[in-house]
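Two complexes follow with chain A in common, the first pairing it with chain B and the second with chain C.
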Partner chain A sequence: MATFVDRYPEEAAVVRATFVVAFVSLGIGAFFGLIQALHRTGYVRILDSVDYYTILTGHGVLLALVFTIFFLLGLFTWAVARSLERPLPDIRLTWAWFGLTTTGATLVAVAILAGLIPSLGVSADVLYTFYAPLQAHPLFYAGLTMFIVGTWMAGADWFLAYRAWRADNPDDRIPLQTFMVLTTMLMWYLSTIGVAVSAVFFLLPWSFGIVETVNPLLTRTLFWFFGHPVVYFWLMPAYLLWYTVLPKLAGGRLFSDPLARVVFVLFLLLSTPVGIHHQYLDPGISEGFKFIAMTNTMFLLLPSLLTAFTVVASMEHGARQRGGEGYFKWLGALPWRDPAFTGMALAGLMFAAGGFSGMINAGMNINYLIHNTLWVPGHFHMTVGTAVALTMMAGSYWLVPQLTGKRLYSRPIGLLQVVLWFVGMVFMSNAMHRAGLAGVPRRTAEPQYQSFDFSTALGSVGELQAQIAFGGFLLFVSVVLFLFNILLSSFETPMESPVDDSLPAPLSGAEGSPLVLDDLRLWTGIAIVLVILAYTLPLGSIVTDAGLFGDSPGFPVLIDAVAMLKEVVA
Partner chain B sequence: MSIETTREHPERGDDPDDRPPGYVVGSGPDDVERELSHDEFDPIGTLGIILVYFVILAVMWAFMYFVEFLGRGITVVG
Partner chain C sequence: MKLTRAGVLILVAFSVPVAIELRTVFGLFGIDLPLAAVGVFEVILVAAILVAYAITAEPETATGP
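Coming up: the complex of A and B.
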């Protein structure tokens, strides 16, 4: 029986290419993560602490933007072709967006890594959030813009495929996977307006010297206009796999197709008008606007809790079909030896824990407790770092054979890899949360101060540092095993059916759900209105306060700043 | 499907019949003993798990708010 590569060889080639970019970024980014974990805990410091911020920027950008989004580009291409049961309309367009995104990502990576070689005069040590007045080389902003435009083209490619399908199937419901892709991309189009305006109108001209100053609060707010929805852009591929693939891996069927559609619609509506919750401590935005952002954020718990129910119920369905009984005993009937299943299930479990720390982050008052501490990286290593990354790696064990026609090199190594990731993250993330409560700051190469010691309620700071370093080491080993397994899989002999790629129909199908769920125009319209309501007044107030271009000149990035400080001291 | 395929490649030496359930990627449905339709399936286990999760969330949130947050008193800057 033919698999994806036999049915859609051209699309499979594009998906393979996006996965190669994603996995190369994963390897480099994970290595940077290991360097950081050992550096900031003081165990091994192979680099100067000034260069820590170059590595930190590289780690954030390569993993959170390049790895996740390239995987998304591949997964969504697979999902659209597969669920519409037709090739993409024009493969040249598909390769064009792949070329543009890859070129953009490469330029960004070059701008960041060049910071390690000061003689080049190029650097972008602006961290993942690229807050002005920290200034990067124009290459960074130009590459970022190309990358974003490339993702817009990819979305256009999938919408064109949908339009062609709709012409042939005027009365059918949108296939679930395509529905997920389209709603996610609508959310992405809306939210990337913020980063596009920030980069094209403010940061790029400023880095070229065309304009002298920027308004840092304006560009920060535009960043978070995009910066919170981007976390759902990472998460939606994981949700797509949890909803449409995980039930099958568990031996069951998706519990409810309509509920899955409701969840994706809610993410389209609510992802963007919440960004200000990242700015609870920013002066210059009034408390009232922050309160609105908090309220919207709390509503976002709803689709995640719906997901917890639907996905666990679908797994339970599989377990009971496989003979599982009892209130909790059925958990033992799940296929725990399958690395794709186990990885995704552990990722979901870690996401539940991340939901707790996310609730703390989201509260306007309690956020003060953990703001800018190591708690926050502890939180997002559970969400994007495990719920998303581990689902993508586990999903690859099932997806890559469909793209190559070759079986996975080793399933036991795959199983070890996903378990190792989970264990490593339990150590690292738990210790990061606790260190954050002790007040240890994030984004700091040497988090130690003269005449001051952090104190913990339980255990010691030394124990927390040991856990962070050990956890980081396990995570790196896990990535090495993953890449090794995928690389060796590419040398396997092609076979007719390397994996069972069939997906069963949901228990409760789309036919019983209201047609209005598929009305993408309506949901987009409401999403735009919500964004206008949430952002018009805060943005207006920020511009009124300090002007469109503000009065902040470019602050040199750290390497220059240290050199300048040395001169001043001398 | 995967069973047939591996049988076509005996040189690989991994007859799925010798392996524990769930060992092959994506083979979860191979071990299905019974088909459960929508009306036959009652997700009580899911309800149990969600309730346990809610209890954990509530207890941890209360700890974070009343002990960690309020227990520290007012932060005075400057």
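Coming up: the complex of A and C.
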């Protein structure tokens, strides 16, 4: 039985290349994470605290943008070719977007790491959020722009493959994996408009000195226009694996294809008009706009809860196929020996916990309690740091053998690795959340203040520091195990069928879902309208207040007019 | 239910958040549990899992959880 590399050797080569870039970034980013965990907690300090921000930026960019998105590029290429059962239309285009994204990511990484050598005069200590007033070297913005354009080209590649398939299959439903890829990319096209405008029209000219000032609130808002949907851009590859691969690994079938489609449509609609919930404490945006963003955000719970139901139902079905019985005893029948299954299941479990802490972030009033504290990194280490990253690592144990035609070097090491990640993240993120509740700030190498002691509800700050350092250490060991397992797998002897790569049909198939779900034009149109409704007035207000480049005085608004009128009347 | 070594590993992993959050649960009732108590609780949990494994262990060649 031939596997993916035998059926689509050229596509497999591209996917392998994207995974190599992703895993190299993972290794460097994880090392930076260890340095931060030990530095912040005061256990080991190998760098000056000034350089902490260079390391922090490298950690955020290499893991949250490069590792996740390169894995996505490979996974989506695999998913499109596999589910459409045809190679991509022109492999030169595929290599072109790989080249552009890799060059862009390399330029970004060079700009960041050059900050460690002051004599070079190049630095980009702007954190992963990179909005003004922090300014990076032009190389950073140029690389970022190339990277984004490369992802657009990748999307075009997959849409062209879909168009060719549609010409041959005019009446068929879009295969589920391709549907997931296309809706995710539509969301990505819509949301990256914000970051593209910010980088090309404001940050790049500003870093070159072509314009002297920018409007910081405008660049922040444009970043978060993109900055929340990017969360779902990370998450959708994990969802693709949870919906289409995890049920098979559990021994069963996807519970419902239509529910999966509904979830991806909801993410297309709701991911973008919510970014202002990251700006609850920004003074230049009125409370009313923030309230609308909060309401939109709460609607996003719906697809997450649908996913929890569908994925758990699929796993239960698999367990019962394997002889599981009872209300809870079926859990014991799941294939816990399989690192791919166990890693994804643990990632999903951690995502549930991350969802709860995310609701605290999203609530406008309670957000004030934890805003800019260590709670926030605690939250996103559960979501992107585990739900996404652990799913990607676990998925690799099943995907990489298909791409190389070689078996995994060690399943026991893989199992230990995913469990170690889970335990490490429990230690680290739990302590981060609790430290955040005590008011310990994020994004600083020196979280302590003079003549002030943080007061924890339980235990001591010292215990929390120890927990963070220990958790960070376990996470780093986990990454080392993962990388060695994958590396050693490449030396295995090629074999005909290194892994069972077949995916069974869902219990409830696409034929049972309304045709309108596949109308991508309709959903894109509604998504655009929602973005216009959510952003037109806030952006208009921000530009009216201080101009496009932050260099004009505020314009009078209604309250000033009323005050002037009072004076005239008096 | 028969336990395998993989099952033991997973159960030990699940016991960690349970032990850590034990302090939070006690804290809700106004009881400040010392760190040592959490350590002892985790040791008891791990010991219970190992005992369960010793009692129910199946041959590693068989399929199962």
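Side notes on the structure shown:
Operating definition for what follows: the second predicted complex is superposed on the first by the 550 of 570 C-alpha atoms of A that agree within 3 Å, B and C clash if a C-alpha of one lies under 4 Å from a C-alpha of the other, contacts with A are read in each partner's own complex, and residues count from 1 in each chain.
Note that in this section a residue touches a chain if its C-beta (ideal position, glycine included) is under 8 Å from a C-beta of that chain, and two chains touch if they have at least 3 such contacts.
Since the model is a prediction, treat every value here as computed from it, not as a measurement.
Once the two complexes are overlaid on the shared chain, A:P335 sits against chain B and chain C alike. In the superposed model, more residues of chain A are touched by B than by the other of chain B and chain C.
When both complexes are overlaid on chain A, the residue A:L416 reaches chain C alone and has no touch with chain B. In the overlay built on the shared chain, the residue A:F223 is in contact with neither chain B nor chain C.
In the superposition on chain A, contact of A:L507 is made with chain B only, not with chain C. Of the two partner chains placed by superposition, A:F380 touches none, neither chain B nor chain C.
When the shared chain is aligned, no partner comes close enough to touch A:W78: not chain B, not chain C.
In the superposition on chain A, A:F427 makes contact with chain C only, not with chain B. Residue contacts after overlaying the shared chain place A:L346 against chain C, while chain B stays out of touching range. The intersection of chain A residues touching chain B with those touching chain C, taken from the two complexes, comprises 334-337. On the side of chain B, the complex with chain A involves touching residues 1-2, 4-5, 8-9, 20-38, 41, 43-46, 48-50, 53, 56-57, 60-61, 64-65, 68-69, 72, 75. Per the touch definition, chain A reaches chain C in the complex via residues 329, 332-337, 342, 346, 415-416, 419, 422-423, 426-427, 430, 457-459, 463. Taken in their complex, chain A has these residues touching chain B: 1, 248-252, 255, 308-309, 312-313, 316-324, 326-328, 330-331, 334-341, 352, 355-356, 359-360, 363, 365-366, 368-369, 397-398, 401, 408, 411, 414, 437, 495-502, 504, 507-508. Partner chain A is touched in their complex by these residues of chain C: 1, 4, 6-7, 9-10, 13, 16-17, 20-21, 23-24, 27, 32-33, 35, 64-65.
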